């Protein structure tokens, strides 16, 4: 197997001037929840599968006990006569070189299908378990900010101040070299849990941007389940924090660099 | 040395329509115990050795104080006029890329020797120290399930739900691209110890599938020795668990993703 | 994207017999503070940007919410009719191979622009939080020592005795193969914090070597802020040390190699 | 810089049917102490230097404050009309692939200089701080055992049972492919400290094998210094062990695989 292997499913299909939505696993799996939800609701068609030696060396097992390699997959669907491309997947690269190589490959494919703008979808970790109904944005060129604000996206100086790690960030950075407009949309989330509630907030903003109707009832159900788990965790964390206050002493790392 | 180096031992031998059994080190060393046992009992012939820069950079020392590089080795034997190939080894790759590269090489060799079906053998970790006489299966195409059930293999939706890591899984996943039927057979095992008892369970199922007689007396002896060790560990773990109940507080990792 | 990608900003510019100053992130960010300060004060011109798959796979977010890939950047300015080149950046390579590859590339570029001498700027960790107004030097050929002493650089046998890690060291070592004079200048610093005060000491020595005037008022302000933080940390560390004296027992690592 | 760079110092020199001694850093630095000692006493001549991107990305600082890249170096000297080659160095590879690549390169060079036998020198960790005057051997072909026993080398079934890690082991394993006789000689050592006393034991055996006179007075001095350090460590460890008996509970790793 080469570093990456591409398996194409539909070679006839005509796509042009399309929008790419990237929803790979990440903070709170917010981006992944949104894109997986769109694929299901719009019965998106599988375009091509990407396998990489940078993915974890394992297979996943399906309902019928059949296995499949870790992959990232391009899907497509049409809505209001517009072509939407989606990038979904099980995992991201396990190493730095692989991240760059794969994101560059994703942009090759985006250009092949005439992608004119990209939205990478992710989560913005707050460290707080209570929900904040907000979506943070970052862009690869300044003049995208105003139009996104009109759809309810928040922008904050230098936020996330740790930068944006992984495909959501790299695709923005690398798309500059190809003059493709790109923005990263991040739902606020604790960072501790898969967060369907944050996915709802992100989906609301996204459907306004794309001008499409999305049924979020399923995400709402999942959100309710998670709320129960969160309730328990809040309790657990409180106990933990009390414990720590009693036992903890500052470690060297805590005295780390302060810019 | 290239990334991988192949040393061939028998180039005359005629093999066709054969079955490949893969038993590399892994959970409970169940797969390795089974394949090593078959190699010994059927006096399998060494076909070729594979060396790789992805194996640990070390040598092992034999009875007579001679060293040998870490390797994976193909063996073969005939039974009931059928050709059986076996893949055994000291270690698996130490990195993700090496795993993919080696498993792809193993499949090149499998095709060279006309392998029509593959069984990768491993262990399914239960976390429980008491033995469960069961073998879990996963396949690379659904229509293998029924025939394997007839030989006593269990199938469970999405199990192992952490997927199958390493060669046992990758070989299944990659063999899809080559239209070779492949199944992974996993003996239930604690995950804490080398488990000859689980190897017996797996061997029983496998000999039924291959329709061969296997003498397991030697594995039984080893199993008895392990039972003594287990007895002691059970005690040790109980003490440990009591200790932990007294001292432990949940850590952030414990609050990790829940799908 | 190749392993490394170069984006050139000014191809007309004529540079010869220049001096290269390297200030990448490192101990106390001393070198980075100095070079970033010079770039600002002398309004240095951007010469070229270097992107690498060895940099962390992420983007940074600017004031206006636009992102940029991690990069290392060459700048240049003229002073007293002399050409000065500067190498600044967000990060260093995340792996060993990348460090060697990038430092070799930096020297290719240095030769292209006729660099005749190099100063790599860094910090020398003392483990003490109180400031020492001293600059330690190391060179890639002995006859550089005397002239640098005249500018107040200290030299100590085999110091730093752990060697010089990263670009500051590698560029010195690799420039030997190209017969370029190079010295590493290290401001004394605790190693716990970004240290603008150490940067002042280093800048004083450097401006004497380069015979240029530098306004350090801005660094002084930053230094004052840090002094407050340091005061708090001193307290925190004292508490910590007391704690440790009570709880700690020597670990194997503490019994490690002693030459 | 390529993966590896070779700088040759003496291209005229005629060497044939020589013996190679490998003494790179490792357990107790026993092998390094022996080879460095021989280089000094016999004023061995520098043959060639090897630089590698697999070595740590740093430089070391000498007495005169000049830096040098991490390297492995071949030396040579003549004694009793026999040519001796020595491989010394600051460090070994930091990654698995680099280990294989470098050891293969070392054997290319060995063949170029007509090396007919190789001794890799190292330490055998006992975990005990008191000295054992013994040298353990391992070989790459059985018929070397008898002759080495006559020189006082001990051989034990499957010892070291963890195998031999790094260059000392790999060079033995890889030299098989080139039909070069090779043995690894390991001085018994605690594994906690640089061990000149173990180096003396190893040197005694080695000088008997090579039939050369070696003055070990300098190593004896260093050994005396270490004995003082050891005395203190013994005390420290006893205290530590008492502490642990009071605090420790078995961890999962302690319940790890038992073959």
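For clarity, chains are labelled A, B, C and D in written order, and residue numbers in each chain start from 1.
Here, a contact is a pair of C-beta atoms (placed from the backbone, for glycine too) under 8 Å apart; a residue touches a chain by one contact, two chains touch by 3 or more.
Just so we're on the same page, UniProt names per chain: A, B, C, D = Proteasome assembly chaperone family protein.
Here the structure is a predicted model, which is why all the values come from computation and not from measurement.
Undergrad: Going by the touch criterion stated earlier, list every chain that contacts subunit B and also contacts subunit C.
TA: Expected: A, D.
Undergrad: Counting one step per pair of touching chains, how far is subunit D from subunit B at the shortest?
TA: Tracing touching chains, the least step count from subunit B to subunit D comes to 1.
Undergrad: If we define chain centres by averaging CA atoms, which chain lands farthest from subunit C? Would you check?
TA: B
Undergrad: Between copies subunit A and subunit C, what's the superposition rotation on C-alpha atoms, in steps of 5 degrees?
TA: That rotation is 90 degrees, given to the nearest 5.
Undergrad: Same residues or different residues: which describes how subunit C and subunit D meet, taking over half shared numbers as same?
TA: Different: fewer than half of the residue numbers at the subunit C-subunit D interface appear in both copies.
Undergrad: Need the CA-centroid distance for the pair subunit A / subunit B, whole Å please.
TA: 35
Undergrad: Taking the mean of the CA coordinates per chain, how far is subunit A from subunit D in Å?
TA: About 50 Å, centre to centre.
Undergrad: Would you mind listing the residues of subunit B that make contact with two or more other chains?
TA: Residue numbers touching two or more other chains: none in subunit B.
Undergrad: Please list each pair of chains that are touching.
TA: Result of the pairwise touch check is A-B, A-C, B-D, C-D.
Undergrad: Which residues of subunit D touch subunit C in the complex?
TA: Counting only subunit D, the residues touching subunit C are 1, 3, 5, 29, 53-69, 94-95, 192-194, 226, 229, 233, 236-237, 239-240, 243-244.
Undergrad: Hey, which residues of subunit B end up touching subunit A in the complex?
TA: Its residues touching subunit A are 93, 96-97, 99-101, 103-104, 137-142, 145, 155-161, 163-166, 169-170, 172-174, 176-177, 184, 249-252, 255-259.
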